[in-house]
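Each of the two complexes below includes subunit A, the first together with subunit B, the second together with subunit C.
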Partner chain A sequence: MSAARARGEGPSAAYWTGFVVVVGALALSPLVLPEFWQRFATEILIWGLLAMSSDILIGYTGMVSFGHSAFFGLGMYGAAAALLMLRPPNLWLALAAGLVAAAVVAVFVAYFSTRLRDIYFSITTLVFSQIFYVIIFTWTEVTGGENGLTFRQPPLALPGLFSIPFTRNGLHWFVLAVVTVSYLLLRRVTQSPFGMVLQSIRENEPRTRAIGYHVERYKIVAVMLSGLFAGLAGALYAVQNKFAAPDFVLFLVSGETVIFNVMGGMGTLVGPVAGAAFFLLMKEVFSRVFYEYYLIPVGIIFTLMVIFLPQGLLGFLRRRLNQ
Partner chain B sequence: MIPFDQIFVQIVNGLVNGMILALVASGLTLIFGIMDIVNFAHGDLFMLGAYIGTTAFLTTGSFWIALVASVVVMAVLGAALQVTALRPLLGRDPLTTILATFGLSLVIQNYALWQYGPVPRKILEPVSGHFRLFYVEYPWYRIVIALMSAAIIGALYLFMKYGKHGIWIRATTQDRVMAAAMGIPVPWVHTVVFAIGAAMAAASGVLFGPTVGINHAMGFDFTLRAFVVVVVGGMGNLGGSILASIFISLLESLATIWVSPAQAVIVSFVALILTLLIRPTGLFVPTPK
Partner chain C sequence: MAERWQSEPWTKDMWWSGKTTRRRFLGLSATAAGALGATMLVPAPWREAFGQAKPYKIGVLQPLTGAAAAGGKTALVGSQLAADRINKSGGINGRPIELVIADYESKPDVGRRKAEKLVVEDKVDVGEGGYLSNVCLACMPVFEEQETVFMIGVCLDTTITTSKCSRYVFRPFDYAPSQAVAFAPYLVKKLGKKWHIVYLDYAWGQSTRDAYVEQIKKQGGDVVGTTGIPLGTADMTAFISKITGSFDGLFAIMFGANAVTFTNQAYDLGLTKKAKYAGDGAVAESTHLTALGQKVEGFTGVNRYIPVLTKPLDTPYHKKFFEESKILLKQMDPSGPDPDRYVQSNFEAMNFLKLGIQKSGFKGRAAGDAEFKKESLKLIEALEGMEVKEGDDFPQGDKTLRREDHQAFLRQFIFDIHNNKHRLLEVIPREKTVVAPACTFPKA
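Presenting the complex of A and B:
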């Protein structure tokens, strides 16, 4: 992209046409899809946001986080806390509380984990997410333990203007708007000088350090940024499903997040969303054939993709998506 | 003040758990040391080994035959997995091996769920007596576990130190290219090491089986613990990971005096994080020059 930017050109018209078509199709989807698939589309968007957030670390900085469930889960419980404690429940405060909870955890995790590299980083993030899982699972008085928390869905409201309860479609459009804005923000970040430094850390860390960048500081900010958007996804999920459960802090969610990235194509932002859609679709199809054992074929396909298709489904579009 | 007998019982518990963990972790560290593979499926090999042990135990009725059968089956399966899934990844970023073995872990775990169902299974212990240890009746079998683990690890050590093929393995660990130049069949050494790792995981699974209910999700706990141990002990360092297993298990056992076992895991996680911050090369290895 830098070459195009240097010549004073923006992204190509083809890119924006594609962007409008995809967002338009997603916006129209609840009008044409049957009810089950409407819900499915909303879920894909939320998981896609989680996948995008981790792409900042995995794809752009080259740090494979196996602990994104901590940020997602804390975002979820943060939103839950706000919805349970505030009367009347307020959507914006719930999202804000989710973001704050995820941010606090992200500062903590980032401070420790960014001192380590490669697999040591992965193991540390995994271990941190398990620590939060154990705390949430065993602190029954506050978190509801194994049963989690349930609450009512807040209405879509602007103070003093209007307050309407969410309809099925309204929720989809709201989620779509949040995810689209997040995508544009994250895309802007990856193309900013900050994002360029992250990519340079991925390509050659010692050299980035030698040029004079404070690599650790950049990594800390990257983890926090990533954690923040993962927390947003968690808060959205809480609002959509009206519950928070410890299962979503478990490492399996982190593992799925990594799967989304690998399947879709790391370092493209759009790829991980496509990966999430592909994974959830496979899960849906295979669970009709193999019931609860759907992870057997999914695991085999994932392993094959790691070996034979390391670029992921959209990896071949990387240059065009990052222009 | 905590009564001394309680501390003593927990120390014995910690040592026994530490020996089992050492058996799992030494396979993991062997695989990492030689192939740079971070085996996410290691705990699942442990779990599958335990299940195969239950099947063999049901058909033959003998614990010791079940132990041997499970070890043999898992060694063959380990070799097959290495050849099909991991050999193509040789020379790629170690992170891709985490991903591939994570995929394998999902497959193995759900295969076990499918084959054996969600109800936990048990193997009968071959040694059933108890002896009195202060206020508890301590099962002899737990002592047998510790001794068996020590024997297997000792055998591995002797094999690595004096056996011809053990020397091949150490040579490949030190310098893959040079070993190949000296005529050592490096790809096969990798396969055999993975098979040995899987077999040791299976042995610990069968040995551990009688003390708990075997279920399809038990592997992850051990994967995580073995990771902790291998990092605390120093990646790829056999002696270090054995000491670290005992150290971590002692910490966890002593922590259960104050908190529930589920929360005691956090103690070992904190130990890991402190190790990584203070001494990232591992606690039980000499300072690298």
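Presenting the complex of A and C:
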């Protein structure tokens, strides 16, 4: 990829054609899907954004984070706070509050965890997510505790211009637009000199340090960037579902995010989105067929994928997707 | 020797003779396919009894996997028992009922998605179930948006019928404020004046603690201290050892494995010998008694349901409910546990729906999508203020489903554990469990 960039090669026409086709198909999906699946498609996009955000760390920097649930959850609670406190509820302020909450947490987590590497980094992020979980779970007066917070959905509004309540399709298109812009931004970041350094850290951290890069600073920025987009996903989830619950801060959400990456293909940005879609659809379909035993086939398929498709669903496109 | 019967003359027609012709093979295949197809087209046993009558679809939400799976499966037994009985007795308004069961994996996001699946895709006429309060609260807006009645089977959180109440949601069993009103006089007058409350430190534990603090004080008693223990704490000794000072009774607000851990460790540290041990009925559900053994002996609690067959629960309806539940529970757990309050409340929730549908003539989605909202409102009006009498459908006792907040009021049982079994001490009539409504339904 870097060689292609060095030669001044941009993404191919095939890449952009594929991009337009996929975004177009996603945009049209609510018009053809049954009602339940319309909403499910929107939810997949939100989980996909969370997975994409974690790919910055897992796929590009080589840092496996188990703390993404904290960023996602705090983004959700930040948006919830804005929606509960502001009258009338404002979509943009909710998203901004979600981003701020996630950013604050990300700074805190990044400062302490990036001093460590490998499994120690993963464990530290997991510990931080659990700390935030316990705080949210027990601080009932503020967070609603176990029951979480429920609120009304804000309208899609631009001050002075219009204010319309979200329809099911409207929300899908809004989420799709946010996810698409996030993808393009993250793609730009991964292809920038900053992104190259992150990939260099992934490939050989001591050598990156040896040639003069301040690795810890890059890692801190990577965690913050990743946390910011995870928080955006959390805020979108709050807007879509009108509730925030401590379960989203639990480490299990982080675990699922890692699974999305492994299934979809790390280091591709879109792979984790595909992984999220595949995993969530698989769970939904199997739970209808196998009821409470659905995790058995899910586990078998995941194991088979790790053995026979270690690069994930879109891993084979990694080079092309990063052009 | 073992195969000799195959050469007997009477086996000629049934045993493979080695003369399978193509015509015979195709004929047999077609017959098998036809039989299989017919089975798939007529899957439910109620078809035989009800002909082509369209069933009422009842969407049942329960956690069948995840942290709350054990409780969810037990709760489901109550819904299934009621559905079986309703179908055997001719259905509702001549129509059978069909349960559409959804497992929400003990997660609120999945719960919300499954609730949406039930109402949007499966087109259920009404919803039932719940179990985890956070999932109930997450799902309530879905039922409200889809204008579908949701009869809660277990969720206990107070706010469901107070600050977060919904016109489409009913709770046909008790909640903490009501239990505290019922139990506090007994605690203060018969067990002791000074209490220390130990609670699970999260929403349900905290709201229940507040309700008991208020009622104990109202009765002239005193709460000298409270100790919160995080949910899922495996070693509670650090918390228990801090419980010091002078008090007559220790009041525990716990459930499930947490209750077992706390009772065992408090006993080992001598706390439950030093003071009287009382608490929420969930501390000593029948499913825990084996694990608790002697350590829970003497515990005094309050519960809407206890599995005893002594007066006034020696009625034929309760015996029938008890025995039929035990059969279903044994299919799930070979040790054959007694039914608990989760089985009872889901069973009765289904029967509230039955009576509401009968009374209102609710047609559900059979009336057409355009009419469905009107149908739901008819059902809501029929359920609001409904009074039911103790009987086959309500073995726990009489109930009122209050119009103002959709909260039920019912009698409470004060019991103790004697020889590792529940022993009924006192029955608090439902009139003495009533608390003022605190709900304003959101405008449609």
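By our rule, the second predicted complex is superposed on the first by the 319 of 323 C-alpha atoms of A that agree within 3 Å, B and C clash if a C-alpha of one lies under 4 Å from a C-alpha of the other, contacts with A are read in each partner's own complex, and residues count from 1 in each chain.
Here is the rule we use: a residue touches a chain if its C-beta (ideal position, glycine included) is under 8 Å from a C-beta of that chain, and two chains touch if they have at least 3 such contacts.
Remember, predicted model here, so these are calculated numbers, not experimental data.
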Partners on subunit A (subunit B, subunit C) - clash or fit: clash
Partner chain in contact with A:137 - subunit B first, subunit C second, else both or neither: both
Touching partner for A:287 - first (subunit B), second (subunit C), both, neither: second
First, second, both or neither for A:242, with subunit B first and subunit C second: second
When both partners are placed on the shared chain, which of subunit B and subunit C touches more of subunit A: B
Partner chain in contact with A:295 - subunit B first, subunit C second, else both or neither: both
Touching partner for A:147 - first (subunit B), second (subunit C), both, neither: second
Which superposed partner A:35 touches (first subunit B, second subunit C, both, neither): second
First, second, both or neither for A:221, with subunit B first and subunit C second: neither
Which of subunit B and subunit C A:251 touches, first, second, both or neither: first
Partner chain(s) touched by A:115 [first = subunit B, second = subunit C, both, neither]: first
Intersection of the subunit A residues that touch subunit B with those that touch subunit C: 134, 137-138, 292, 294-295
Complex contacts: residues of subunit C adjacent to subunit A: 64-65, 69, 101, 103, 105, 107-109, 112-113, 116-117, 120-121, 133-134, 137-138, 140-141, 157, 159, 164, 201-204, 206, 228, 230-231
Complex contact set, residues of subunit A against subunit B: 64, 66, 112, 115-116, 118-120, 122-124, 126-128, 130-131, 134-135, 137-138, 251, 255, 258-259, 262, 292-296, 298-300, 302-303, 306-307, 310
Residues of subunit B defined as touching subunit A within the complex: 38, 85, 88-89, 92, 94-96, 98-100, 102-107, 109-111, 113-114, 220, 224, 227-228, 231, 260, 262-263, 265-266, 269, 272-273, 276-277, 280
Contact set on subunit A toward subunit C in their complex: 34-36, 39-40, 43, 134, 137-138, 140, 144-148, 150, 237, 241-243, 245-248, 284, 287, 291-292, 294-295
